[in-house]
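Below you'll find the structure, written out as structure tokens, and then a few comments.
Naming follows writing order (A, B, C, D, E and F), and every chain is counted from residue 1.
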Amino acid sequence: MLLKKIFGSKGNKTIKNALWYNHPIFSMCLGICSALAITNKVDNAIAMGAGVSFVLIATSIIISPLRKLIPQRVRIISYMITISSFVIIVDMFLKAFFPVISVKLGPYVGLIITNCIIMGRAEAFYSQNKTGLSILDAVSNGISFTVTLIVVAVIREILGFGTLLGYKVTPGGWENWVIMAMAPGAFFVYGVLIWIYGEITSR
Amino acid sequence: MKVEKRKFKGGYRFKNFDGQITDKIDAIDIPERVVIPLKQGFGNEVPFISKIGYTVQAGQIIGRDDTSVSSPVHATANGVVEKVVTIEVFGCEVQAVVIKSNGTKTWRVLDGATENWEELPTDKIEEILYLSGVTALDKEGIPTKFNSSVITPSDVENIIVHAVGSEVFNLSLSVLLGGERVHNFVEGLKILHKVMPNAKVHLAIGNNEKEWLTTFSKILDGIDWLRLYALEPKYPQGYDEVLIPTILKREFPHGYCSANIGATVLSVQAVLHVYDAVVEGKPLIERIIGFGGAGFKENVHAKVRIGTSLDFILKNRIKDDLEVRYILNSALTGDTITNLSYPLDKSYRMLLALHEDRKRYFIPFMNPGFNRDSYSRTFLSYITTKRAETNVHGEERPHVSCGFCEEVCPVRIIPHLIYSHVERGFIEDRLIDFGIYKCIDCNLCNYVCVSKIPIAQYIKEGKDKLIEEGLEPPLPDYDMKGVEEYLSIREKPVQAKDEEDETS
Amino acid sequence: MLAKIKMVIFVLILGSILTTALVLVNNYTDPIIAKNAVLKVKRSVLLAFEIPYSEENVEQVFDENITSVEKGGKEFFINTAGEVCFEFSGSGVWGPIEGVAALNPDLETIKGITIVQQEETPGLGSRIGDKDYLDTFKGKKIIPDFKILPPGKASAENEVDGITGATLSCNAFSAILNNQFSKFVPLYKGSE
Amino acid sequence: MKPVRKLLDYIYSIKLLKPFHPVIDAVDAAFFSPSELTEVKPHILDNIDLKRYMFAVIIALMPSTIAAVVFYGWYVLAMIVVSYAAGGIVEVIFALIRKKHIEEGFFVTGIIFPLVLPPTTPLWIVAVGVAFGVFFGKEVFGGTGRNPFNPALVGRLFITIAFPTIMTTFWRVPFSDAITAATPLSIYKTSHTITPYIDLLLGQCGGSMGETFRIGIIVGGLFLLFSKVADWKISISYIGSVFVFALIGNALFPMKIAPPVFQILAGGLLYGAFFMATDPVTSPFTKAGKWIFGIACGLLTVLIRSFSGYVEGVMFSIVIMNAFTPILDHLVLSIKYRR
Amino acid sequence: MNFAPIIIMNVILLVITILLSIADKFLVTYGKCKITVTQEDEHKEFVVEGGNYLHSELISHGYHIQASCGGKATCGYCKVMVKSGGGSMLPTEEVFMSKEEKKAGTRLSCQVKVKEDIEIQIPDFFSTVRNIVKNQMYDPKVDWQFITDVQGESLPALKKIKVEQNQQDTVLDIINQYRDLEGPLVPVLQKVNDTFNYLPENLLHYIAEELDIPKSHVYRIATFYNAFSLKPKGKYKIAICMGTACHVKGAAGLMETFENELSINEGETTEDLLFSLEGVRCIGCCGLAPVLLVNEDVHGLVTKDRVPQIIEMYRKKEI
Amino acid sequence: MGYLLMIFLAAILTHNIALTYLLGMCPFVALARNLKTAFGMSIAVIFVVTLTAAINWPIYHLILLPTGSELIYYIVFIVVIAASVQFVEMVMERFFPPLQAAFGIFLPLITVNCVVLAVSLFLVLREYTYIQSLVFAIGSAIGWMIAIVVVAAINEKLNLVGDVPKGLKGPGIIFIIAGILALAFMGFGGMVAIK
């Protein structure tokens, strides 16, 4: 109800789209590179999700008000400059305050720039909608992305390391599924999750 | 004469099936009524030219049309024309003449037939051939100047006479050519060569018929326009599309007929009928057919008047306690005979009665498999006679690329590739590249399929759909003869179908 | 033309603003990052020497116990007992392996090894970074050379057991160690 | 056989079991040949069906299976039973949910998979491996005949990489309870010792259960080739190319690459070449493709065995070439049917 | 403070924008191009500088064309029909196009570069769906795709919708039931479908207006789910298994018998809206072949003689 | 020379950019359904990756490092990539229309492709020399090409014979195929190491 007051009739829809119907990863397959690569530990996933959300929100704050000012010809380049500036900020922030995670994420922080969610949302949504709605969209997409990353990371970390956020959660005789910590495990977990999503939405 | 050995790649040799036809020959009486379809064998349907109530003699022409590609149709019994009826033969409606026979066995001798045929002018021989009805025999007919085939005799460059028993059940050469008949056969070849002077004659005999090979190489020695071949009796060696590449070593214009490249493929019986017509003046009123399959009490040959109903022929020949399926000509490609009142016509070679085996065998896949045939060698089937019955022997399953169909395919296409395209509805011109129009419907892929997929049916469906989309078989690069006439005949049944649809 | 100029100006303004912001943030984080890097080294040195420390007093403990010497362009750390320690690096199976190695004063026996960074197969090769495993290196000779043998085979005092199923990581690791020992030990000795 | 029939008919008549008809159908089809008649041309059909086709593979595997039981005891049978049970459950669940037939491909996967495992693999790993293989290697693609990868190998690959410590530790020498970490290939890798060929042939060395008794494999493999169930082109080109590449490689890098005959006899090469690479579903159907497939498998096997971190390269090479199968077929077809 | 980054950044941006401007001037010389847009019955023309993508031009001229990938041909939403100009279809687009769409000249607007005068038609879902139904190209199992009429004629003008009073009341009741739900559309459609056995065209219109949901969305949902039908469907759906086992045991004959008994063809519905007839793929009861489903009831081992019985059984239920 | 070969092989086999680093997945998922498209795309990727690596290396080492402004190298790289792709496309369209038709149409899709940026970032992280950078760039792109072409071919085969569950069609099955492929490529592990 509150949403309706602030954002008009579109607010509700925006959130629902981001969280389920147009789910950035499962439905539109955006931003999967980083999602696949860094989800072998939950803390990495949280950091990555937070980073992406931050960049999304910041980008929406910059681009949406400027949407009428940006010349068509340099639209993409402007988006890129904006996005990559925020990515650098995220990078520096991680390096300064979470050096361990920063090392683990490595180049993938930089690759947030090419995360299609941000570019796609900027192109498809922020350049066409009002600032408030854009921020709402950014927040909900960020949450959606982060939650997905965490879900995948929980699965992978428990199976692959037997731990959750570094604490051992598996029973005594547990044998780690090393593969889950590596690339193929990511593919399989995502494949299955997308399958489940697909089966539910196509019902 | 030198015997050339040839074989083609692919194919499959059917061996040791039970119910093979023995060398015995029966004569079958003339029935009370004969029903003579006005379309028999190759060519168009001909109009009825006699009248109801007229008395006709056996061998008298009762249907004839000189304007279209066709051959005359004869009365095959002495008697009275009772009526003209429409009968349905294998899905096509055909006019048929019913003659009430008086039981005599004589026939009207053709004018001008003589033992000294060599003195007759070629025109006269062609006329005798045409009037005798022999020209409608076999897949593409025998060319005469009377429009009995899609080409004229002078266009024929090769005549292939094949006597290779490559089917599951085969007519016995000793029955057809036994005694004097072998000389008649050679005489028949000479007549044909006179009619088609530009043609070379190729006689193909299965390499399992050792005696006949030696006999022929003796008899035919010194004839320079004739060649003798020993072929491996692999199915489907008898197809034009396979015979021509094997013997002439040239490409077949797939989608068209052998006459289009100037070749005529004839069976042994057709040559004998030529002899009968020209030398003895006997029109085509009788055929020798074989009874194959385990359903018969006795697997014999029989001499039968054309127009005799199958009921009459099969009377007391079938084992009493068996459920059987009647099949025409070939176990792999023959039509099921659902109505035994069908009359016998010129194109019949064989009647098969196969056991409809509904028995459910216990854990069949663990049995060593005596009495069973298999392309793969997982059965111990070499020792014993194999059963030929109509059980499917397994459930349909997804195809596993076992490659059997590709190995046996006589025209070297990849049947399962086309199958999977058609099954998924990918009807594209890629299919033509894959050679869908090369398929000759020999059904061998179907026979060997491990997953029991009706591959041949799918290929056929694919062809139909391609034609529906306007992707006809491409014409080969070289000149072809009589293509237009051939196409006009080929398209006929399709048009008939369309009309039916509109009326219904 | 006006549109073009407008376009250029827009891009330039946007670029300047964002870069300025970046530079500001950088000015703020740079010292922290630099401090992090130093701390990382110090921590691993302390670990290698097995000197107890807590997060708060790393600097203090380090300064109390360790002096650093630069010889031949390489920084060596010497503790009160005269043991020497230095950073090493090399390429493992999947990526670089970096760590700190401490030697007894005789420069022939391993005092302790810490791995700072490695990207070996998780759960398998990555066990070379485990403290339990690295503890087996203690007291082993590096002369004439250091060997990691298949599990259960080690007997001599310059040999240790490898990790089951991670032969390659072990081979790479021993190669790195030998390479770096032979490179830096003489360097340290030579200028002594 | 009559009681079985009666029982099946009775089960069919129970309404409650309607959802489980695929399972009952499968049992029915396994015990009895169908009573259906050919509807269309051709009127007679070949007697082979998919069950018999797959059963031929099992017959061919019998010598090695029996040898494994003799060598390593009844535990082997337990593994086979677990493998059939776990994989079967996955197969049945899929069939029930997707309302499909239960197909015969699992006949083979269920036995081929345990035979490539070390003889002391814990049963739960057998179950996980075969379930993974059947699930990801086969069922997600639609089941038998539709899978691009060999399910047994996918399962084996999965557990090799997922449980490296277990999968590389527990080898056993036949007729003794001693657990060793060495197979002939790993012995060669560490000490360049070649195990005597006669020991390799008779299975007197460490290795996966099914691959050690190599005479049995050769006999079974020849049976497969003879019965046309496996394509000789792949087996021949695979073994041949291993021989050639090992010969060349051994001359160039004698310290890295083992001599050719040893390479052929050691490890799972014979097993892979006869039973795994020849799986018609996952190997190319074009003839040229088959040759290239075999040769590339051989090359990859030699390379991986000699240079990579893994001692054995057969399963990797076959799965990699499985992946390349469609593109091989595509290339061969587009060259063959070029306009 | 280090000013170098700022300077370098500005220099690089300057160089690049100038380079691009120069390139625009010398490399892209398409000049002015005219874009003619037809949407429903409205024609619009505007002139743009050539060289840009159609998608961005349309957006900047106020046409809202959905695209979630940002012009990278990965989502396949931004379809328009190009009548003239625009060149041939790119392989990147082929993945997203059906055969009919290819024939009709449908393109992804983010892949069409404006190099010449272009005439396009932006489809509205309503008319296309109606066309599909009319041409019987409609297949609810296929994911939503829009197809314009094959001849490329302009679409007929929309009729004013007519909703009869009693229909309206029923529907309004249903809508009011669900109006406050999150996502009322699907339940409403379900209920309407249950009531009328199909979704009449005019009612879809009405629902869209009442719920204030775009018509295109309503149509999308209505065509996407198998449970909804845009054609009148019978109350009893007779599904005859056409799997191999059933086929072998004479399912085709069975279908024929049904067709004769009900005097309809496969895929049609009887006039009294009681039965509809369709052939389906194997339903997994091959042991009972030939088998057929009437709604949820399975009838196994059906012979031709039993067909009238079955039909009668359900007729009786109705009375 | 040996080292260059090692970098090249590592980029293709052991450190495959798609299968080990999981990069370039967006176009991978979208284009791995059709062999022709996959091939065209990967040719374009090879070209762009090499080109941008060749431009970005000097920019980083000759301009950014000396002036102490390496903090903005993300921006510079991505802007250079975007601009050069656009520029190349324009040139190609104007002067080499056949080339443009064959693979130029994929160029705009690559502007924001992780592979391109990632290769440039790896150059910096791994401190390659110029020649090494080029070899690494080509190797990475070829590795990506192998992955996408193989998956596309498998996908085409599945269209023909497969029966993939409805919800899994499209991205899902591509992930699973890529997963098995990645699993198989692990076999090369340890064959070549990178710095």
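Here is the rule we use: a residue touches a chain if its C-beta (ideal position, glycine included) is under 8 Å from a C-beta of that chain, and two chains touch if they have at least 3 such contacts.
Values in this document were obtained by computation on a predicted structure and should not be read as measured data.
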> By mean C-alpha coordinates, which chain is most distant from subunit A?
Replying inline: B
>> Quick check: which two chains are joined by the most contacting C-beta pairs?
In response: B-D
> Measuring between mean CA coordinates, which chain is farthest from subunit E?
Replying inline: C
>> Suppose every chain is reduced to the average of its Cα atoms; which one is closest to the average of all protein Cα atoms?
In response: D
>> Could you work out how far the Cα centre of subunit B sits from that of subunit C, in whole Å?
In response: 86
>> Taking the mean of the CA coordinates per chain, how far is subunit E from subunit F in Å?
In response: 35
> If you average the CA atoms of subunit A and of subunit E, how many Å lie between those two points?
Replying inline: 31
>> Using mean CA coordinates as chain centres, what's the gap between subunit A and subunit B in Å?
In response: 71
>> Residues touching two or more other chains, restricted to subunit B: which are they?
In response: 392, 395, 398-399
>> Give me the residue numbers in subunit A that touch at least two other chains, ranges are fine.
In response: 29-30, 73-74, 77, 81, 85, 88, 92, 116, 119, 178-179, 182, 184, 188, 191, 195
>> Give me the residue numbers in subunit E that touch at least two other chains, ranges are fine.
In response: 2, 5, 9, 13, 16-17, 20, 69, 71-72, 74, 245, 248, 286
> Where on subunit A does subunit C make contact in their complex?
Replying inline: 40, 69-71, 73-74, 77-78, 81-82, 85, 88-89, 92-93, 95-97, 99, 103, 160-161, 176, 178, 181-182
> Within the complex, which stretch of subunit F touches subunit E?
Replying inline: 26-27, 29-31, 33-34, 36-37, 40-41, 63-64, 67-69, 71-72, 75-76, 79-80, 83, 86-87, 90-91, 93-94, 105-106, 108-109, 112
> For the complex, which residues does subunit D have touching subunit A?
Replying inline: 125, 136, 140, 158, 161-164, 166
> Considering the complex alone, what residue numbers of subunit E touch subunit A?
Replying inline: 13, 16-17, 20, 24, 52, 56, 59-60, 64, 66-72, 74-75, 182-183, 212
> Within the complex, which stretch of subunit C touches subunit D?
Replying inline: 93, 121, 123-124, 150-152, 164-169
